[in-house]
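Structures for review follow.
In the two complexes that follow, chain A is the common piece, with chain B as its partner first and chain C second.
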Partner chain A sequence: MWEFWIRSLNASTIFAIAGLGEVVGQRAGVMNVGVEGAMLFGATIGFIVAKTTGSYLLGFLAGIAIGALIGLLHAFFTITLHGDQVVNGMGIWILGFGLTTYIGSPYAGPLGMGRIPTIGGLSPFFFAALVLTFVIWFVLFKTHWGLKIRSVGENPTVAEVSGINVVRTRYWSVIFSGAMMGLAGAVYALDYNPVWSYNLLMGWGFIALALVFFSMWNPYILLSGAVLFGALWQVSLNPESFLPNIFSRYIWRTFPFVITIIILVIMSTHWFSSRWGAAKPEALGLPYEKD
Partner chain B sequence: MKLAGYTLKLEKKASFSGLEAILISVVAIAFALFLVGFIFLQAGVNPAEGYKAIFTYAFANSFGVPLTINRAVFILLSSFAFIVPIRAGLWNIGMAGQLYFGALSAFGVAYALGARVSGAVLSPWVVIPLMIVGAIVGGGLIGAIPGVLKGRFNTNEIVVTMMLNFIGYWVVAHMIKEGGPFMGSGGEGEGYKLPASIQAPVVSGVSVLTLAIALILAVLLYVLFTRTRFGYQIRAFGHSPAASRYAGISPFKIAFLTFVIGGALAGLAGYHYFGTVPNLNQIPKNYGDFGDMAFYGIICGLISQGNPLAAIPLALLFGGLTSGGRYVQGKLHLSYGIDYALLGVLMIVLVAFQFFFRYRFVLKKES
Partner chain C sequence: MFKRKTLTIATALMIVASLILGACAPKPAATEAPAASDAKIGFAIEHFSVIEGTTWSGAQDRAGKRLQAKYPNVEYMYRENVAPDQSVPFAEEMIADGAKIVVGNAEFMGMPLKEIAAKYPDVYFVSIVASDLSTERNFIRYFPRQYQALYLEGLVAGALTQTGNIGVVSAFPNVQVLRRTAGFVMGVQDAAKLLNKEINIYVKYAGDWYLPQEERDIATTLVDQYKVDVLTQQTDSGSTLDVATEKGVWYIGKDMDTVGEYGWSNTDTVALSFDTRWEVGYNIMLEQYMAGNQNPTTILYPGMETTMTLADGTVVPTVDLMNNGKTGLDAISPKALPLIPQEILDLVKQRRDQMMNGEWDPFTDHEIVSNGTGLDLEGLPVPAAGTVVKEAGKEATVEFLLAQFNFDLQGTTILK
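Then we have the complex of A and B:
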């Protein structure tokens, strides 16, 4: 049982880091539905750099850097060129899926490095995710920066009038958001399951995206959601220890995806949104054009 | 920007002509192929030779051409599955899941009629139409899920359709692997093989029945969008959901019907590839590759601007690029997935080129 919770918390780390990144971007009014693509880039580039240099540090830095670069790309397309955020996010996802399949395949297989030391079985990144959750909550809700980020996500025109540089604020938020997704991918490929295989994330990025809608754009709720999904994922991998002989192991694998749909539906009911729905950034998904 | 007495200005376009759209699309595709040329270079292959090998195999080789056409039909049906909801502004990226369930349902019909029993002889006149109906119903039912959820609760259709892709992937594994009901007699993780009596007609390696169905559907969908009330409602909703609601168009009806139709079309794609393509006639071990190939439908649908007739030549091109890509990968010793790389680069270039559909550069003489 202990083992199960350790494994679940380690999995939740990845959902949490990627989801936190998306929360910051969406708070600034920019949605990136290509979380999975940015994570695939972070995972693949991080894995290749670590494997070829033998350095975990370089691997993680490369994962963060490529994630930030993907964030920059998304920012350029959506903020500067006023592209549709959903279309661009889809582009990032398919670019990540397609290109990393090709780039990564010569490196397919285990990483072959000593595992990153744990603290009682828990990945150090779990603690990093806890700290990041607190820091991002603090910055978003208690600092001047956070006020800027949230105001460009709520009403960019008013923000601009009150002297905030909307474009710059959105750019930095989206770049940071991408860097977090890259890091999340690198944590998956270097720490959680250090084996590269084609399309290795198998939907984790999309679950992280769903978690952001679930979180009401609040880092603490996001973290709890991530822990819930970390546990669900582990149940789906080892169902025998909970409910033996009910479904085949393949049917169990559908479990986290089914629950994601159910939770999303509950979130989008009138009953739910009329009580807790006010948190959605007002300008989310809308391009901002100065005239 | 100023250039020798002229000012270069960006202007927002109100609309664009068909010719302009074709021009932008052709340039976008050419630019993507140019970028993938660097992948060839990096792998030590002359890009010109790489592309020559791809195109000659895909369009002028007796093994390659049928493969290209069979893949093109698959991509075309996947694009239709994307196009119908996108005309209403809704994103169906669940073609993979829908085609898995369509294929399972078609093979389920054949299974129920005794096709898995070895040496079974069945009437193709009965079983093939029933399998097609099965594929349409199976895909349509899975498509109905995001449709109902979007229409009733406004649930994000991108996440729901993506989740259903993974659900479909694992349900197929359950059905064909480790003693699943549709497991083949070889027991190597593949589905059972359709008996020869109910294999669909094939002419020179091309599955002609599903080819004909896909082409007829292209015309029907074109008529649906341009000549019918329902098609008009779909387009109006895609243009402005709020305005069309005032005009009395039901958002539930639009979301539900476009997703059911989209799912049914993807279901047909599943029957087409697994049920009719020669040497297959079963759900293969690598069925996931075909789920991935369905994503070409997104690109095809976006470039064609939702026009089902314009999707035909594009599907043929992408069918050729994937079949040729697989071939050169082996021939020129490239690493796995050149067709995946192409998929990714095409998509992002296309996204970048969306800009040119909305803006134009204008040169103005300084006064």
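Then we have the complex of A and C:
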């Protein structure tokens, strides 16, 4: 059973890091549905750099850098050019899938470096994800920066009037968001499953995206959701070992998405908003144009 | 007025010239005479996946290059990542560029080529077999007898296991996978009998050919929970090999010598692998095409007994044990070699020699008994456990092996 939890927590680490990045972007009002694409870039570039230099550090830094660059690209199209956030995010995903297949193919196969040491079987990035969760929660809800980020995501016009530079705040949030996705991809390719093959994430970015809605844009709920989704993922791999003869693995695999849909339906009810307030950033997905 | 008259005369001359030139031009491909041996021949492969870093398409690509090197008049052309709806348009593009043999390197995207076989009667079309065996006069089905090499690998795997547990990370039950796995299992069981060992063979399916995360998890489960110390795979990602390296267990490769070709690992982990030379079958097709044969062999199922000579003079069989660039017994990892009893090494050598000479085949020699698990085919349910599907010594027909082998061998444990 311990092995099951080890694997679940290691998988949840990747969901959590990518999801935390997306939370920051969405809290600032910018949605990036291309999480998978940004993660593919981070995974591929991180893998190539680590393999060619023999340095994990450079690999992770490259993953973060390319993620930030993808974030910058998304910010330019959606904030400066006022492009549709969903369409642009889909573009990032498709670009990521195609371009990483092209540039990564010569590097296909195992990384061939010694594994990153674990702590009791757990990846050190699991503990990093715990720290990041606290830091991001603290920044979002206890600091002036966080207030700015949340303000531009709730009502950018009022935020602008209050003296906040909406464009700059959104830019930095989306760039940070991309960097986190790049890091998540690099963690996957350098630590979780250090073997490069095309489309290596196989949809994990979409699980991270679903997790953000599940979390109601709260880092702590996101972390617990990541653990839940990680456990569900493991159950889906070996359903007969844990809950035999209930559902096939394919049904288990849909659970994160089914749970997310249920949460979104509940959140959209009058009962929820009157009792708990609107969890969703009001200006999420809306382009901002200064009057 | 003069200008208009000149223009009319010039136009008329151009039309006449075009008609004369058109009459002199070669006839369309559809009515072309069979190619002379020195005429340029386009050999086209449509790869279902990317080429670089893959064992399946990578080996097929190497086959195309080797044929181009052998025959000065053969030009290898290809398309990558071909989906089923792209196989016909890409084929027609390459035929327009001179392709005379067009291969779909997986059944799901090779079968659509059958639809245009009649339209291009002088082109050979080829589809790799997964379970369907339908043919046309110029629509060829091809698969190499990889199970022969897998049998030899099974002998070595059976000798190497200390825990008595061998794990197979597999894709999903289909004829190709079941037959190939059966070849391996037969080798393991022969080794167990010879060495008086009890060996469990665990197979767990990932659900598809390429699911890196599932494959990693299955490999890890096999090692951690089932105490497997020899891993092999019937899937396409490198995850199983990576888990073997990480856990320090032996890995037995498939399809291609990934240590020698790609440097994915080393012989401290990869005890043995095999290499598929698709060019051997393609060479038969090319020879028949060059001879002007309008009725080529439509089902090709060559084994170790069928060889070809490469441009550099090397003679290669269709499949052979290969690891780190070495073949035959030399392919066994130097670290693994001392762990393998002499009687197993002798048997590997004997069986390989016999198969090279076409004197022996594991599926003909052995009794084939169903495990009761596998894949129900239309009109062909999985034989009940214990059913003797084929008696020892009776020849296993091509149709049985390629299209009807729908069960696991007795003694295989299929994990849910």
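Before moving on, here are some points about what is shown:
Here is the rule we go by: the second predicted complex is superposed on the first by the 255 of 291 C-alpha atoms of A that agree within 3 Å, B and C clash if a C-alpha of one lies under 4 Å from a C-alpha of the other, contacts with A are read in each partner's own complex, and residues count from 1 in each chain.
Everything below uses one rule, namely that contacts are C-beta pairs under 8 Å (C-beta built on N, C-alpha and C of every residue); 3 or more make two chains touch, one makes a residue touch a chain.
The model shown is predicted, which means the values in this text are computed figures rather than measured ones.
When both complexes are overlaid on chain A, the residue A:W137 reaches neither chain B nor chain C.
When the two complexes are overlaid on their common chain A, residue A:D84 makes contact with chain B while staying clear of chain C. Residue contacts after overlaying the shared chain place A:Y171 against neither chain B nor chain C.
In the superposed pair of complexes, A:F15 makes contact with neither chain B nor chain C. Once chain A of one complex is fitted onto chain A of the other, the partner contacts of A:A210 are limited to chain B, with no touch recorded for chain C. Contacts of A:M202 after superposition: both chain B and chain C are touched. Of the two partner chains, both chain B and chain C are touched by A:T101. Looking at the shared chain after the overlay, A:N193 reaches chain C, while chain B stays out of its contact range.
With the contact threshold set out at the top, residues 101, 105-106, 198, 202, 250 of chain A are in contact with chain B in one structure and with chain C in the other. Interface residues of chain B, counted against chain A in their complex, comprise 39, 91, 93, 145, 149, 153-156, 158-160, 162-167, 170-171, 173-174, 177-178, 180, 292, 295, 298-299, 302, 335-338, 340-345, 347-348, 350-352, 354-355, 358. On the chain C side of its complex with chain A, the touching residues are 49-54, 81, 207, 210-214, 216-218, 220-221, 224-225, 236-239, 241-242, 245-246, 258, 262-265, 415-416. Those residues of chain A lying in contact with chain B across their complex are 33, 73, 77, 81-84, 86-88, 90-92, 94-99, 101-103, 105-106, 198-199, 202-203, 206, 209-210, 213, 248, 250-251, 253-254, 257-258, 260-261, 264-265, 267-270. On chain A, the positions that touch chain C within their shared complex are 3, 7, 101, 105-112, 115, 193-198, 200, 202, 204, 234, 237-238, 240-241, 244, 249-250.
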